[in-house]
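First chain A sits with chain B, and in the next complex the same chain sits with chain C.
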Partner chain A sequence: MKSTLEDTTLRISFDGDLLSTNVHDLRPKLFQALEANPDATTLHADLKNCKVIDSMGLNLLIALYRECEKRKISFKAINVSPEVKRLFGFLNLTSRFGVE
Partner chain B sequence: MPPSLRIRRALLIDDDPVSLFVLAQMIAQQGWEVEKTQSPKVALKWLEGNGATRFDAVLTDYHMPEMKGLEVVASVREIDPSLATILITSDNERRTLSQSIKEGVLDFLEKPVRPDQLSAALSKAVVHTREHRRFLENQVRLRQVASIQRRLAPELRISSQAGLCCKLTARCYPLYEAGGDFLSVAPEQKEIFQAALGDISGHGLQEGFIATYFQGMVRGMQTLGASAEQIAKRCNSFLLYDWAANNDIPCSLSAIFLELNLTERKIRITNCGCPGGFFYKKSHEPIPVDAAGPALGWFDPFEPGIEEFDHLDAGQILFWSDGLVDTADRFGVQPTSLAARLLLTEPHLTPTIFESMSMPDDIMVAKLSWAPDVEFEALDFLPIYHTNFHGGLGNGVDDIHRSILACLHMAIPHLKEHRIHNIALCCREAILNAIQHGCGYDSSHHAFISIELHLSNPQLLRIVVADSGKGFDYNSFDPTLLDPIENEHNHVSLGLRVIRGLADAVRFHKNGSHIEIDFYLTSS
Partner chain C sequence: MSTQENEMLALFIQEAEEHLQTLDNDLILLESNPHDQEGINRVFRAVHSIKGTAGFFGFSGIVELAHAMENVMSLVRDGEMPVSPELINIFLAATDKLKIMVHDPDRSSEVDVNYELSSLSRMLSQEPAESKASPESVLPSYLLQFNIDPIIVRDGLRHGRNFFVLELRLHADIENQNQTILEFFNELDSLGDIIATSTDVGLEACTGLQEEIRPDLICSVFFCTPMEDTLLLGAFNLPPSTITPVPKEPLQEWIRTQPKLVPSQYSTKHQIQEEPTPPRSHQVHESKLVPVTQAKSRDDNKLIPTTPPSQEITPATLQTRPHQPQSQDKTEPTTNIQSFRIKTEETVRLNVSILDTLMNLAGEMVVGRNKLVRCAEAGLGPDSIGELQAIVQQISTVTSDLQRTVMAARLQPVGNLFGKFNRIVRDLGQKLHKEIRLEILGEDVELDRTLLEGLSDPLTHLVRNAADHGLEPPEERRAAGKPPVGRIRLAAAHFHGRVQIEVRDDGRGLNPQKIRNKAVERGIISAEAAARMSDQEACRLIFMPGFSTASTVTDISGRGVGMDVVKTNIEKLGGTVDLESEPGRGTAVIIRLPLTLAIIPALIVSCGGRRFAMPQINVEEIVAPGPDYPLEILGGAQVLRLRNELVPILDLAHILGQKRTKEQDQAQRFALIIGLDHARYGLLVDEIDNMEEIVVKPLGRLLKGVPWYSGATLLGQGDIALILEPAALAEGRLPQDGIQDVEVTKSQSSISQESHAQRILVFRDGTHERFAIPLSVISRVERVPSSRIERIGSKECLRQADNRSTLQLLRVANYIPVTPPPDYEEEVYVIVPRLVHHAIGIMASEIVDSADIYPGQIDSSVVSAPGLLGTATVLDRLTSVIDIYGLLEVAGFTQQNNETAKLANLRVLLAEDTSFFREAVLRALQHVVAKLDLANDGEEAWKMLNEKEYDVLITDIEMPKLDGFALTERIRSSTKLCSLPVIALSARDSESFLNRAKQVGIDHYETKFDRDRIIAAVLKVISQQNE
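Let's look at the complex of A and B:
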């Protein structure tokens, strides 16, 4: 996972799938990235390398979304594959995650 | 006519009419028929189509204005690589020798040509051409043997007086031109259906011949009403005593015999050195066939592995030679998924997977299924994948996920990538649910997943995941009302919503501890 700040946009890029087997490692890193960038007003979750997101991976994204809500940070999932977009679609997450 | 008595015929090409006449006379004096021309282009026309097969040698001058001799040689090789070519050069063209050999010239004559040199070159040419052609003809015949072996794998269906339908489907893929695997069935005795799958040690033409011998022997005994044990015992003693006494070629036979009694509704499996395969009751739960015994021709006394299943209204057995297990291993998939792929392939076609990776051994695979006549079509299925797991699976879920993807790609190659991806994701969600809620992350609690292809119309892919837990009140669960953001920690609801969103149908049994997920393969 990589995080970069450009102006006030924090971009978090995931290296691969978001799965039950890696969310426990990712979770603290995500929250540390938020802590380390208090000036961020927008968060872009870059899902370019995420082919598969399971329910635990979704939970992680939802937790990140809620944390952003708390911190008044606008949340947006970018580079979303058609499969993941479909998943977001029937879970009513598309507009909340700012997916176009 | 024996090849030695057949007329030998040469094609002579030389632009110089005098040289052409003289050489033609010399060749005729050697007892050959000669067809001659000054034009290389005309000569090549004569060879086209099936024309080349009329000749045993082509003799061509090197230096001709219309076409160089080496170009003629290259064109002849293109038309018929088995036809020997002899290049005739003058003394100062010796340097062409090395290039000639590269082009595949069999021999090389210098002008003026001496009769003894011509005789030697022609003799060499006729042997070369005829041996090469015989080799090619044998190759074609061998391929025909393989094709016959493949067609001998039966596909038959019988209805018993007891109201049961019984169907056997088999596929055979010899590693080389012919193979040592065979299948013999005795459908004549309609109330006791007997099938024997045999695998002669080794693979190749010799083993193909031996396999045919044993297939005949087994088939003969089946027709006479011999039991599996009687047949196996006879083969064992034959191999140990008769065969060993008369042959230097060591030989053993791995065989598995199935005797399905359609009246008593029971099946008896006699195994002598074959992988056991899997037995599926009506519930579709896979039961590994444990019956194991040494191959026939190894030991006396003869001790086959025997297993019986009874009270069977419906069921099926998938069985195979060890070539299938080795090949599945090479592809990194479960044997059932490779078996499904082969059984779904038309018998005369070779699955495309064998174009990318060769098999390590001959393969014979068969499926014997039975069910009441009226239910047969609805119950017919092909298992693709199954595994048991426990609550402490942890990161092992990734291995299962990968294995499921590989097995789906193997079994149903035409399925679109996003569909395979969705099926595998549903499997993962159901496994996560079973680990967490069915097994409570406890490694002493177990669950299983199976994926099967139902051959009904439309084809249906069914995933079954069952755990040993108490289940949950699935009637109270309305996934449409749950907001994933508001129910962030409700993993069950999110996982089930993913499954419901991706699958075509979801059903719960046994208080929710048993979930069935269906994908219609013809839907978009």
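Let's look at the complex of A and C:
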């Protein structure tokens, strides 16, 4: 996972799929990234390398979204693959995650 | 205005037009999915952008209208106002006005927008939440979490579907079943309609990243399906606790409280439901639902063309009838609209990478030119040739790359054109009070932009025709057992190196008989020609100039000048038009176009000292007529015998009216075998020069009216060649039914001269084996798409175009010992026999040819089986000659009708020495009469007549021992037999024979092997005897 700040946009790029096997490692890293960038007003979750998300992965994204809400940070999933976009669509998460 | 300001203004117009086109499509989509938040946002952004840029130029009229639209959409975006049909109508009307204003922004303030402004203002003044709460209160509380699309619910109720709420634990209920969440939802979606979903994002349970990630995630799904709950649970192995059936009553009540659902729910909702995709209420649909134009504009890697806007916008009509959608207006496009179009055609956006490539190639061309100049300055030396060759090679490569890149830049997705039909179909649906669903397929298929532009008008006409004449009103559809929503499908696909565009409706289809009658009535064809035509050929008559079957001419279509103009326009684009129609099931117009018009490969030929270019795509092969490929005259027409086929021949010199010298006529000429969609012919030319890629240039004014040229080109040597239009050359010069007609003509004309021979139709049925059926027993041969063949149990049937009768189809291999055929390809031939009580047809994969067969040629020793007369060598191949009546007998059909029933008690003696005719007559009559005995010669017949009682004698004339004349003389002079009816069957039809027959007392003289005539003759002689 990589995080970069441009102006006030914090971009968090995931290295691969979001699965039950890695979400527990990712959660504290995500939290740290947000803590380290208090000036961020927007968070872009870059899902370019993510083709599969399981229920735990979805919960991680929801937790990240909720964390952003708490911090008044606008959340947006970017570079979403068609499969993941379709999954978000089925779960009514597309607009919540700001997917275009 | 300065140049820079002019450029800025042009940019404003271009961008605003793109926004408006997008707006049209987004509004249509919103109408069917009013909760699509992204759609609402797009509409808001489009209006906002137009307002902003118009304000920059000070176009206050545009700003005022866009601002009013923005205010309303702002409320919608914030959830304070629903997307209602009224809102969509007002926004569409306002969009039309904006189009007019943007087209001529300097005069935009002159456009009357009072209706739109007051409507928008009225919407703003309404109590926003007035009617919002109450409708929902009728729903069960567990449904309130969903954002429900009433259209899906309404449709589900109409179809009697079951409604459920599934509460799913994504991990425990899905992933634990070794299924991914996406797989589960894809499958669920294929079993019904996912109306809405609600995922628990844990407003209480999950507060952020400080907590442990939840082990599971709950998603509620509101779903409707034809399945029962137990089946549904079983399909996914779900526990019963996950499902809650939803009673239909509250849903019906809720539907009644919804704003009136507009009639034209043609939208893509249904098409999406038919596909395994998520429900449209979900965001994932956005990618599918976004009109192509918009989808492309968001894709940086694609070309972004300017799509011509809808055509029939006129300030006058919109001012007088502001609420009428634009495409309904009768008014023809005005000059304004023409210039509007021209403006959009003037520019095209290109991907920067294409421009970069062009720039690089231009740079390489400059390098090549510099090398050439240097070479020329140095003068020709010993090394010059090699150096020149290298330069030419480089320039040649660069030129090819340049050509490819420019051609690619000209290609645009057909979706750019198809997109505009969302609005047109929506407006047509409202105007015609029909429910129409538009399906768009293959929008990514690319075509040259010139072709796309040329296609716009014909397609519009075809879509209007489909909506107006093709699709029935909802009540008529219901009565016919069809869904009330009519479907128009616009589809594009690649087809054998061309692009095929299809406009298909599922409406009432064309009535071929009505078309035949009309064509005869208008003198377009003769009654005989009409009777000969197959139903499909009759349907194609609608492309004839001035033809219209519409009993009432409407303002939408049916002016009687449309389809021929469509055909002409498509042919001008180098394309072809075909038509398929089935009464009660719909009509499809199929257009096939070349990918590009600008540069095409062509065959350069000469005729009468002039050079012509024939598009290579139409040339199947080139043949030098001579002993191997002889030119013959059949039925007054020149034909080329090409292997086992006869190809009609046209002479280019003759068509062009060239004067020919004797030398020219005597020289070896060449036939280009031209393949068109529905015709194939050979075009005689003097010389074949070479194959070239030619640059197509439009014809000058003087030649524009000459139909057989589609353009002109400059050849490599600097000569000008006219480009031939193969369809126009053939127009009116080929037999109506193609080559088969020539064959039939020959068969008909040759019967009297060669009546000792039988004309047979040779065909194949999927294998190499050939079969033959005498033409005299064939009523007609139809070519039908194999998709039209329907199965009822083990039987294959073909519904006739009149929809009243059905042909039962027989495969020869099912009844006689021959190789079984593989499945038929796209098309199949159906041979319909004559004088058959049952409606049957024999299937064939290919009609090979027709030929003559002589008595004695058929050998029954090689293969002997019921349904087969035997084998014969026909057209150099062993061919099984089918006994059609025997075949029907084997297939379980008895041959009786009212007339033949009169013969049921008859005892007949047949005197015939030739086995072929004896067998044939025997098989034809044996099930019609009570008794049929055979005598091999006259003597035997005489003996049998004296031993047994017979009601009729059928006799050959030329027989050994005692001929037919002598036999009859004996009968007439016998006291016992003198009144016996005698029928002579003979190939000899000279006057002397006929006179002799009369003299000896033969009652009827008949040519052999015409079953119905034999039966008619028997009926005649027995009725004469009874009188």
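We take it that the second predicted complex is superposed on the first by the 100 of 100 C-alpha atoms of A that agree within 3 Å, B and C clash if a C-alpha of one lies under 4 Å from a C-alpha of the other, contacts with A are read in each partner's own complex, and residues count from 1 in each chain.
Simple rule for what comes next: a residue touches a chain if its C-beta (ideal position, glycine included) is under 8 Å from a C-beta of that chain, and two chains touch if they have at least 3 such contacts.
All values derive from a computational prediction rather than experimental measurement.
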| item | value |
| --- | --- |
| Partner chain(s) touched by A:Met1 [first = chain B, second = chain C, both, neither] | neither |
| Which of chain B and chain C A:Thr21 touches, first, second, both or neither | first |
| Contacts of A:Leu34 with chain B and chain C, given as first, second, both or neither | second |
| Residues of chain A touched, compared between chain B and chain C (which is higher) | C |
| Which superposed partner A:Pro82 touches (first chain B, second chain C, both, neither) | both |
| Touched partner set for A:Ala63, first chain B, second chain C, both or neither | both |
| Partner chain in contact with A:Leu91 - chain B first, chain C second, else both or neither | both |
| Contacts of A:Lys51 with chain B and chain C, given as first, second, both or neither | first |
| Chain C-contacting residues of chain A that also contact chain B | 52, 54-56, 58-59, 62-63, 65-66, 82-83, 86-87, 90-93, 96 |
| Of chain C, residues touching chain A in the complex | 37-38, 147, 170-171, 174-175, 180-182, 185, 189, 194, 196-199, 201-202, 206-217, 219, 277-278, 281-287 |
| Interfacial residue positions of chain B with respect to chain A in the complex | 394-395, 397-398, 401, 418, 421-422, 424-425, 428-429, 432, 483-485, 488-489, 491, 494-495, 497-498, 501-502 |
| Chain C-touching residues of chain A, taken from the complex the two chains share | 23-24, 27-28, 30-31, 34, 52, 54-56, 58-60, 62-67, 70, 82-83, 85-96, 99-100 |
| Footprint of chain B on chain A - complex, ascending | 19-21, 51-52, 54-56, 58-59, 62-63, 65-66, 82-83, 86-87, 90-93, 96 |
